[in-house]
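Below you'll find the structures, each written out as structure tokens.
In the two assemblies presented below, chain A is common to both, partnered first by chain B and then by chain C.
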Partner chain A sequence: MSTPSYEYPFRIGEVIESDTNEFTTQCYELYGAPSLGTLVKAGETEPVYGVVSYSHTSGLDPTRRPIARGEGLASEDLVYDENPQLNRLLTTNFKTTIVGFKFSSQITTYLPPRPPRIHSFVSQCENTEILTFAKSLDFMSSILGANLPQSDDVAAAFIRYACQALPEETELRVESAKRLASLLGNDTRRLEGILRRIPND
Partner chain B sequence: MTEVSKIGVVVAGSLGEGVKVRLNGTTSVEDIKVGSNVVIQGQENRFFGVVTDIALESSDPSLQFNLPDVSDRFIRDALSGTSAYGAITVEPMLTIGIDQYSDATGPMPSKTIPTHFSEVLEATEDDINSVFGSEADGGFWIGSPLDMEAKLCLDLDEMVKRSNGVFGKSGTGKTFLTRLLLIGILQSGKASNLIFDMHNEYGWKGTSESNYDVKGLKQLFGSKVSVFSMDSESAQRRGFIPDHVVSFGYSDITPEDIQLLRETLDLTSVAADAAYSLEAHFGPKRWFRAFIGMSGEATNELASEINVNSSALAALRRRLERLTRFDFVSNDNVEDSAEMILQRLNSGQHVVLEFGKHGNNPTAYMLVANILTRRIYDRYQRQKELAMGDKLAEPPNLVITIEEAHRFLSSSMSGQTIFGTIAREMRKYNVTLLVVDQRPSDIDEEVMSQIGTKVSCLLDSGRDVDSVLSGVSGNRKLRGVLARLESRQQALIFGHSVPMPVVVRTRDYGSAKSYSELGDVGGVNGDSSKALEDLFGPS
Partner chain C sequence: MALDLERTAHQLDTMMSGLKDFSSVQTDRLGESLNLLEGFVQEVFLGKLDTSSGLFQWTPPIFPESPSKSIKEPSIPVDYSVVGVDGSHIDVNRHIPVDCFLINTGSAYLRYGAASEAHLSSSPKLFVPPDETVISDPNNPHQLLQIQGTILGAIRAVKEMETLAMHLKNEELANSEPVPVVGLVDGTLLLLDLLRPGIPDFVIDSVLTEGFLGALNDIKKTAEKSEIVVASYISLPGSDEIIDGVRMLACPYTKSDCLYHCGDIKKGTRPCDSASEGLLDRDIMSSLLEEGGRSELFKSNFHVARNYYGDNEITFFYLNTGYEIARVEMPAWASEKRGNIDLVHAVVMEQCRKGGGYPTALMEAHEQAVISTSDRQYFLNLVEEVLERNGIEFTTSQKDRSKRLRWL
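Take a look at the complex of A and B:
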């Protein structure tokens, strides 16, 4: 793929697949996917928000599989250095669970009427946007309810990410934990598992 | 006004069982006490209720089996108030209208319950005043609700209409409470008091268990109070001169008194009943003197003459001789003490009768209380009937206070004694009782059911609790409240003088502040302007 865009440092990639619940972004940079649980937005004036729930790197051409190239090389990095074409042959995509949208400059924390268009620009979010979602956590029920193998990790990862981005919100960790506890009122085991993934740091 | 604090929301319930309130995350079950008051803001009504139960609940039934790692503070914090939460049961007692128009009707007994999710708040001082009235409305401040500073008031008008009771095991504060009630009645002028002061605690001064003296009624209210004594030496030892020393003649003793004393004199019923035959034989007023002077032989002859078992009659004579040994009973013509007490009462004074050393002798206590009460009651009855509805000519309302009331009001006794009669009628002849007792289960059930307002401190046994609560609605829930009272200076009050049962911490009595709040007029050493006011009314 192309080199990162220095004019638009917050831009990560573009939407290449989109449905009501999630959209898939192709990163401009190989391995450029944001961490699991990160809040991103797709679209310019009235963006759709999503939480990173899955990412995937593979060959661009599905008919050609990568082959091993490092035999006799001292480090992994040398593999990429000596095969610069890999940056064009491989691509990183990530999926986001849609959690809300902005409409007339109001952020709403439920599903938008329609998902983002293909080629919508996907970029990182500002702290005020993160705060809105961290305070509401309305979307957690759809993440937890999606029953993906990684659901619990995504939930924990979002809370870790929000606490890190917003260190001034000192109560955020406990408040979020309480919200999760109410959502998982009848499944204390699962709740405990998620909470264990949110260490205090 | 105190800050209103929300404690939770209604999540379930019924009129019969009370409403279940889920506590919000910031209110701990440990902050709530059974018996405390809360307000529930329903959709159309405000409900005033009492906490009757407190519980720990959880939305995950398996929580108690698969305990999460609660040593981790974070996990504990997350769970508490969410999956694991506190809940209370509130009995909505009264409905207070939500708008100011309904203020006119005042609180009404709840006939419904608040809707789901109604907000539950701690009761504020304003709530307490709107439910129980305030001193400004003429209520008498008896104490404060649990964990509140608010002044909780009793309706004295309602109180003096009926006989009332103060119960509780020894040392719980009955006497202190009674003293406060008497002061309330005295200040309001709604009734005169006659107090049979068995242990010398009401008249001049009382003592506290922490070994300091507290003022009695005489020290607080001076000339409004007369102290009569059965034992002038004891009075002098305690540093004051009684207004009058009481004595009785043989002619004051009636067969009814003997019935009352049957147990303490250890008489068979045949022997006790013989007193009636003696009265019929010798005539009223004369029988005791004539009988007590008889020789053994004469007694035997008399027995066959009046057709009574001779050994029973002999036993009666021996036992009655004990009465003649009391120094307050004499053969001579004595001043009519009952008459003197009546005069004081009629002139609006309050009379305390101290027993001195005789307080420890049940026979003396019962004999004197019975003789005096019977005489006074007869006079009230006559006076009231003569007045024929003319309120002004009627005798003033009288409240007679008796400690150890079960001695007069047990089921075997209450049918025969004057106290039983008074207790059963609702101020028919303007006389009511204030019974003070540590063993209410020994009091006749019917008498208990006639008691208008019951003030109960902690009790000794389940039987006592049953007898105090019998016939009260919500009995089962009040049991729990009553059983958890503190062992001193706390009481559950219910009945006619309060709109709903309520737990109070009895107002402090004994400090200089308490005396001045209670309208200490300086008593016998009072300043002259107050004394003049006493004589001539406020200028």
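Take a look at the complex of A and C:
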């Protein structure tokens, strides 16, 4: 695997594509994408926040397709040990739905005036930031309405992620379910589907 | 339509019927050459080589004791590194107002074993006029040779070897617990194009002696301190040096004086042709070498090269990689130790397995070095932009303009 940044342990990668609704991050480490639903931020002083909605790993050069290499090797790790160049030639990217931004030290849970710059550093968020978004859930409507095949999974994954990061917030799951119910209105089937993805523990 | 494909296809059909006839003759010739190698006696061969010196018109290498032997694949160390270097260039474009060229050198450092890792890099170098695009005679500054074509190819080989020397030196300095390292370049180490008649001595001195062989000497110095070996890999080699030796074995005369005995005989009907004409070394080796096996070590014997190469005289062996017969060349100082040859053999075989028939380190170095068609166009655009930004009009030839516009 490529060397992670020990100097900046919370830094995951850099923005390589960016628009009003989402940004794409190239990870410093192969397979280093945060889990689906994770809250991340891009930029240093006035960051833009986003929820991880999609990730993929592929060759850096789109004209070179990976081929099967593990026949006769005892484990998957050995494929990488025996072919160390793979860590340099494969890359993991993830997409993030933009959910808010920070301005004058204040976190706002709606779209920023402009998306993050290309090469903005993308980092993990602190618990206080996660709490702000978990309490508000204003962004949930844009995730549910994003017309992504995985929208419901992203919504459920964010709630799971927030509950895990903030175990002291015991009412978070119930409050989130209520908020989802109000957002989805009569669509009880969809609501049930999302709630089934958020276990009690 | 530019190419009349119908007529071309007809010509291809004619070519194929000729090749079929040739193929059956070739099989007979191959059989005879294998018989000759089976009965090879080194003393007899060396004696005949000596007595025919200057009279035999081919250039056989120095044969080993058992030229038809296949040596099994040796075991490979657990921890080792491979450094592959390759290059690509943009030649001088005489249709633009500046005579510059660019060489891009790509490198792949691959370490295997407990601390496996990889580093891939490329380094472009632009050569600009007036000084970098010509080679001048130090004794006569008015005597200049413009670098392009074959000479540029040789300069690229120098850059590749210098890059390999630098990486091997860094590897030697960086590792407190060194592991065996094999440095690989693509193509031959024998720069015979530079030794053709008509190439001035000052060019040979500058490019071959100071440049290419200078870099090989640097590697030799590094190799004195640690287990570093250098080799070059030639895929689908077109060499016929061993075949030249087979010609001598097939020659019925005590002294192989080609002009005296066969000067009037048509090509293809000379006595030696029955075991050699139209054959390449790889044809023989594909019959002799088992999969994974290598031949014994041969030593190239080109008179023109001997004066320049010294310790770096080229030795080579053939290798049946399982995908093809490849040629591996090593400077004589590197192949002096049997252990070094075994290391190169084992590592190149493993690299070919990993690379699906071609050494991974060279494949990745090539990927780093390659300059795509679009990059070539960007380069041209950049040159145009820089010239115009500096108030120099970017002119091109009418021929180039006409090729690009292609109007009706």
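Heads up, the rule we're going with is that the second predicted complex is superposed on the first by the 199 of 201 C-alpha atoms of A that agree within 3 Å, B and C clash if a C-alpha of one lies under 4 Å from a C-alpha of the other, contacts with A are read in each partner's own complex, and residues count from 1 in each chain.
To be clear about the criterion, a contact is a pair of C-beta atoms (placed from the backbone, for glycine too) under 8 Å apart; a residue touches a chain by one contact, two chains touch by 3 or more.
Quick caveat, the model's predicted, so the values are computed rather than measured.
S.K.: Return first, second, both or neither, reflecting whether A:I118 touches chain B, chain C, both chains, or no partner chain.
M.R.: neither
S.K.: Between chain B and chain C, whom does A:D61 touch in the aligned arrangement: first, second, both, or neither?
M.R.: second
S.K.: Touch check for A:L73: first (chain B), second (chain C), both, or neither?
M.R.: Neither chain B nor chain C is touched by A:L73.
S.K.: Please tell me which partner, chain B or chain C, touches more residues of chain A.
M.R.: B
S.K.: For A:N83 in the superposed arrangement: first (chain B), second (chain C), both or neither?
M.R.: A:N83 contacts chain C only, not chain B.
S.K.: Between chain B (first) and chain C (second), which, if any, makes contact with A:A177: first, second, both or neither?
M.R.: Once the two structures are laid over each other on A, A:A177 reaches chain B alone.
S.K.: Looking at the overlay, what does A:N200 touch: chain B (first), chain C (second), both, or neither?
M.R.: Touch partner of A:N200: chain B, not chain C.
S.K.: In the overlaid three-chain picture, which partner chain does A:E192 touch, first (chain B) or second (chain C), both, or neither?
M.R.: first
S.K.: Which stretch or stretches of chain A touch chain B in the complex?
M.R.: 173-174, 177-178, 180-182, 184-189, 191-192, 195, 198, 200
S.K.: For the complex, give me every residue of chain C touching chain A.
M.R.: Residue positions touching the partner: 108, 110-112, 116-120, 354, 356, 360, 364, 367.
S.K.: Which bits of chain B are touching chain A when the two form their complex?
M.R.: 25, 59-63, 66, 68-69, 72, 74-75, 77-79, 81-83
S.K.: Can you name the residues of chain A that touch chain C in the complex?
M.R.: Of all residues in chain A, those touching chain C are 61, 64, 67, 69, 80-89.
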